[in-house]
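Chain nomenclature is as follows: A, B and C, assigned in order of appearance, with residue numbering initiated at 1 for each chain independently.
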Amino acid sequence: MRYHCIIDAYSEDIIRQMEELYAFKTAFLQEAEEGVSYVLCRNRTVVERLGRRISGSAVAIIAEDYSPESVLEALGKETDLEDIYIFGSGICGTELSVRLAARMKGSSVAAVHGLEWKEHVTVKKMVYASHMEGTFRMKKGPYCISLAKGMDRQELEHGTFHIMKEMQCTGLPESVVSRKTTANEAAGGLDEAKVVIAAGRGIRNKENADYLRETAKALGGELGVSRSAAMNAWAPMNRMIGVSGAMLQPDICITAGVSGAAAFYAGIEKSKFIVAINTDGQAPIMKKADVAVADDFVPVVKALRELAER
Amino acid sequence: MKILGCFKIVPDLDLIAEEDWIADGQLQVDTSYAKLSWNCFDEGALEMMLKLSDLSEGFDVVYELNALTVGRQRHESFLKTLYALKFEHAVRVEAEEDQDIRFCPEIIAELVAGYIAGTSPQDVVVMGMQSSEGCNMKTPLLLAEALGWPCITEVTALEPVDEGHLKVTSEEDGRTAVQVVGVPCVLAVGNAPSSYLRVPTLKDKMKLGKKPIEHIVPDWEQLLEKEQNVELTELAAVEERRDAVLIEGGTPEEKARELYESYLKGRLEKI
Amino acid sequence: MAIISREQIVEGLVDILGSEQVVTDEQVLKESSLDRYRKYEQVCEVYTQPIPAAVVYVKSAEEVSEVLTFANDNEINVVPRTGQSAIEGGLETALKDSVVIDGSTMNKVIKVDEYNMQVTCQCGVPLQELDDMLRERGYTTGHSPQSKPLAQMGGLVATRSIGQFSTLYGGIEDMIVGMEAVFPNGKICRIKNVPRRAAGPDIRHIICGNEGALCYITEVTLKLFKWQPDNNRYIGYMLDDEYMKLGFDCLREVMVEGYKPSFARLYDAADAQQHFSAWLPEGKAILIWMAEGPANITPAIEAGIKEMMSKHPELEEVDPKLIEKWYGGLNWGPEQIAEEKEEIKATQNIGITTEVSGSWDNIYDIYKTACDRILEEVPDMTLMGGHSSHSYINGTNMYFVYYYNIVDCAPEEEINKYHDRINQIICEQVIKYGGSIVHHHGLGKARAKYVTQEYGSSYYMLKTLKQAFDPNGIMNMGTLIPLRK
C-alpha cells in the first residue's frame, strides 16, 4: 500500500496545496510508502518551474484546459486498487476524489482532516455543519480523499520532481460546446491576512460592510464575512469565511455581528486571538472568543479605528 | 428539456442547543425539535431552475421542472410548495425515521439514478453540492458517475440556450467558468447569491398543491444491508471555548479603549 | 407645522445640545422618517414620509425639557423614540421638518432595589440588557416581548407593551411603579415609587401608553420578580385546525378555573407550521402553556391544566421537551431583521402582523371572519393565520400573521394595495364584533384613523388629554389622533 498526492497546477494556489499535502503526509503517513505525485497541468514546464516538490517523482497529466472528465480518464489508468490517493482541498480535489473512487469501485471521503492507517483506513472529517466530528472507516481501495480547507501547512523541500511519465489527456468532452474562464478577482490576501475583521449578518447592511473593510485596511488587515452576509451581497463571495469559504488563521480576528454558527466558526477557529463584538451578550460567539464586547459594533469599531489610527 | 431538482429537507442546526450535540448509541443526534427548511444549497438549486424557466420565453425552449426528495412523510409539504410553484412532477422516495441515511450518499445517488434510468428519464439533474447534516459533498458526483453523465460543480447560474443545451456559470479553483454544455448532465449548485426560494400564493397552493405526489418505496433493508464502502464509526461533539473575558465599560467608546489598550495594541504592534 | 425654517430648527437645536448631539446626515434622517409599518418602503429604501429636520440625542431630562420648550415655542413636531422597534407607524415623521428625539443614550440603570423589589432605569436602557443583568442576580422584570433584543424602556412604556409571560406578570402597565416624564411646555414631572395609592386617578396612565403624543418618558421604575427558571413546566396539545373554537375555549377554561400560567398560547395551523414544522403535522393547531414560579406551584398548575385538558378527546398531548426547546429560540433581533430584509428583496414576499383583542364570546368570530375576508378580498396572499398569546379572565388577544407576494406594485403603492387593506379588514371585523383593534403594538399612525370607532364616546377624554397637555400640537402628530387631511 502506498499513497499518492494529486496536485492541481491549473490553480494559482499550487504552493499552498502542496504545503497542505506535505503537512498532511508528515502528520499521518510517516510509516507509509511514498508513491508518486500526479500533477494536473498544461505542460511539463509548469512542473519543472515549481522548484519544489512533495515526492521524488511525478506523473504529469497534461491538457490545455482542466476538465474533470478527461483528468479522470487519465487518472483511472494509473490507479492502483490498494493505494491511497490524496487530493487537495479545492473544488477540483473533491470532485476528482469522489468520482475516481466511484469509477474504481473504491471508497472516498471529502474534506478530511485526519487519517489513521492500521488495519483499516479511517479518516476524520467535520459533519453536521461543523458541529460534530465524524470518524469514517473506508473499506475498499483505492482510498480517495480530499483534504479539508485550511489545514496546517509545512514548508516544502526545494528540488524538482522527477517527471517519470507524461500523460496527454483527451480534450474537453463533447458535451462542452464552448467554454470561457475568467480569473476571479483575488480575495485580496484574505487567506494570508494577519488581522481579519469577520462580519456577520448582525452588521445589517452593505454600507457597514464597506466601513468595516476600510477599518480592516486601517488595521493592516482584511475583511471577511459570514455566509449569510455574503449571500446578502454585502461583500463579494470571495470574502466568505467558513466551511464553504475561506479557512483562516490570522493573528487577530475581530468578529462584528457574528452569532457564532459552527460552520462559520470553523473558518476562524485557528486564529491566535479572537475578539467578539455583538449586541447579544449571550450569542454563542461570546464564549468562543478570547475577549468579548457586548455592544453595538458600530461605535466600538469606530472608536477602535480612531485609537489605532492615532 | 426535462430537469430534475433533487433536494433534502434539513433541521435548522442553528437552533440545536449546545448541550444537545451528543450522539446516541446509533450515532445519531436528536435534531427532531428544530424547524425544518430546505437545505440551503438545494434551495438555491430549485430557485435557479425557476429562474431558468422564467427566462425561457424568447428561447423557444420548454422546461419541464420536476423535483425529487428522499425523505419522510413530513417533508411532503415542501413538495406541495414546489407544485404550487408550477413544478410538473414531484416525487418522494420514502425513508423511515429510524434509518440514518445522512452518511449514505451512495444509496441516495443509486436511488436517484434508478429513478432516472428506470422510471422517468431526465435531461438534467440540478442539486446542491452538499447538505448541512451529512456534509458528504458526494451525492451529485456519485450520481453523475452512476449515470455516466458529465458533472459541473459549484454552479452559480443557469441560462437557456436551446432544447439540447444550457449556459452554465460555475466556480472553479480561482476562476469562474461560463460554458455552453449539451445535455444530459448533472449540475451541482454551490454558493449562489440570492438563493432564497420564491413563495407560492395560497391560491396556487390550493389550485396546484393537491396534485398527487409520486411515492417510491425502496427496499431499505436490502439497500442498507449491502455493505457501504464508507461507514461512520464515531461521532463526537466539538467543543469550542476560549477565555471569553467580557470587557466592561459604560460606553462603547470606553469598551473600545479597554479592548485596544489591554488586548490589541501590543498584538498589532508585533505584526 | 414649524413657524421657523428647517435651518433655524437645526441651529436652535445645536444651540441647546451642541452639534455632536444633533444629526442631520441625510441617510439617518431618511431612515428616521418611518418605522417597520412601512417595511417594504424600508426594504426598497423608498421614503414617502416627510424627512425630519434632525435627529437629536438627549442625555438628561433637562435636555429633553429644553428641546421640547424650543419645539413648543416654534410649533415643531417632535417624535420621541428609543429602541426603534415600532411597527405601527408611531415613529413616522408625519409633518414637515419634524425633530426626532432619541433617548437611547440615556441608558443608565439607576438603582436595583432588591429589598423593595424594584429597579429604576433611564428611558434608553435596553430591556434585554436589563433583564440579563437582573437574571444574573436571580431576578427578572417579568417582561419579555418578542422585541426584547431591540426595545428600550421608554418605548416599552410609551406603547403599553406586553410580554410573553403576561398571563402571570401582566402587561407593562402592571409592572410600572413610578416614572418621570417631560411635557411639551418643558415641565418635568416625577411620579413617586409607592406600592399603591388612592390619591385620585392613576396619573401614571397619562404617561403609560401615550405613544409620544403627550409627553416624553425619561425614567421608569419597574417591579422585580424572582427568576427561577428551573421550576418551569411546559404543557402542549395539538388539535385539528377546525377545532380553533375549542382551542379558545381551552384557554378560557384555564383562566376561569383560576390558574396563572405565565404563558398561554393557541396557534392556528398556518401559523404553527412556521414554528413547529419539525414535528407538528400539517393542519394541526397547537395549545401551549408554561407554568413559572415557586417549585411547589408549577407542578400544581401543570397537573391542573392537564386534568382539564384530558377531558377533551380532540386534544393530543405533545412532548413538553419539544415546547421547551422551541421556547428557547423565540426572540427576534437585529440579525433577523437584516436577514428578513434580504429575503424580502429576493422573493418579494413580505410578512406582517396585526394584534387585536376580544372577549371570549367574540374572539373566534373576529379571528375566523377576518381571515376569511382577507383571503377572499386581498390578492397574492401566501400565508394567513395567527395565534392567541395573552389571555385574561374575560378574553384574549389575537395576533394575526400574514404574508403576501408583492406583485406589479411600486414600493410607494404597497401600503395601499396590500398592508392597509388587510389592516382595514381586521379593524372592521374587530369593531363589528366588539373587540379592541389594538392589543399591544400601539395605535401608531397606522390605526389612528380608527380611533373614534375604537373609543366611541370616551374619545372625548383622549382628545381632552391631548388638548390639555399638548395645546400647540407638537407631540408626535398623527399618532393616537389622526391628522386632519
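Quick note on the criterion: a residue touches a chain if its C-beta (ideal position, glycine included) is under 8 Å from a C-beta of that chain, and two chains touch if they have at least 3 such contacts.
Here the structure is a predicted model, which is why all the values come from computation and not from measurement.
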**Message:** Taking each chain's centre as the mean of its C-alpha atoms, which one ends up farthest from the centre of subunit B?
**Reply:** C
**Complete:** Per-chain C-alpha mean nearest global C-alpha mean belongs to chain B
**Asked** What is the distance, in whole Å, between the centres of subunit A and subunit C, each centre taken as the mean of its C-alpha atoms?
**Response** 47
**CA centroid of subunit A to CA centroid of subunit B, Å** = 20
**Between subunit B and subunit C, centroid-to-centroid distance (C-alpha), Å** = 37
**Asked** Out of subunit C, which residues touch more than one other chain, so two or more?
**Response** 342
**Asked** For subunit B, which residues are shared contacts with two or more other chains?
**Response** 194
**Fill in**
Multi-chain touching residues of subunit A, meaning two or more other chains, are 231, 233, 259, 281, 294
**Message:** With touch defined as at the start, can you tell me which subunit C residues reach subunit B in the complex?
**Reply:** 273, 275-279, 281-282, 321-322, 325-326, 328-329, 342-343, 345-349, 375, 380-384, 403-405
**Request:** Sort out for me which residues of subunit C touch subunit A in the complex.
**Result:** 27, 128-129, 132, 149, 333-335, 337-339, 342
**Prompt:** Where on subunit B does subunit A make contact in their complex?
**Reply:** 13-14, 16, 18, 21, 23, 29, 102-103, 132-138, 141-142, 144-146, 150-151, 153-154, 165, 171-183, 185, 190-191, 193-195, 227-238, 240-247, 251-253, 255-257, 259-261, 263-265, 267-268, 270-271
**Complete:** Residue positions on subunit A within touch of subunit B in the complex are 8, 10-13, 66, 68-69, 90-92, 94-95, 98-99, 101-103, 106-111, 122, 125-140, 173-184, 194-195, 219-220, 227, 230-231, 233, 237, 240, 243-245, 251-252, 259, 261-263, 265, 269, 273-275, 281, 284, 286-296, 298-304, 307-308
**Item:** subunit A to subunit C touching residues, read off their complex
**Value:** 200-205, 207, 228, 231-233, 257, 259, 279-282, 294
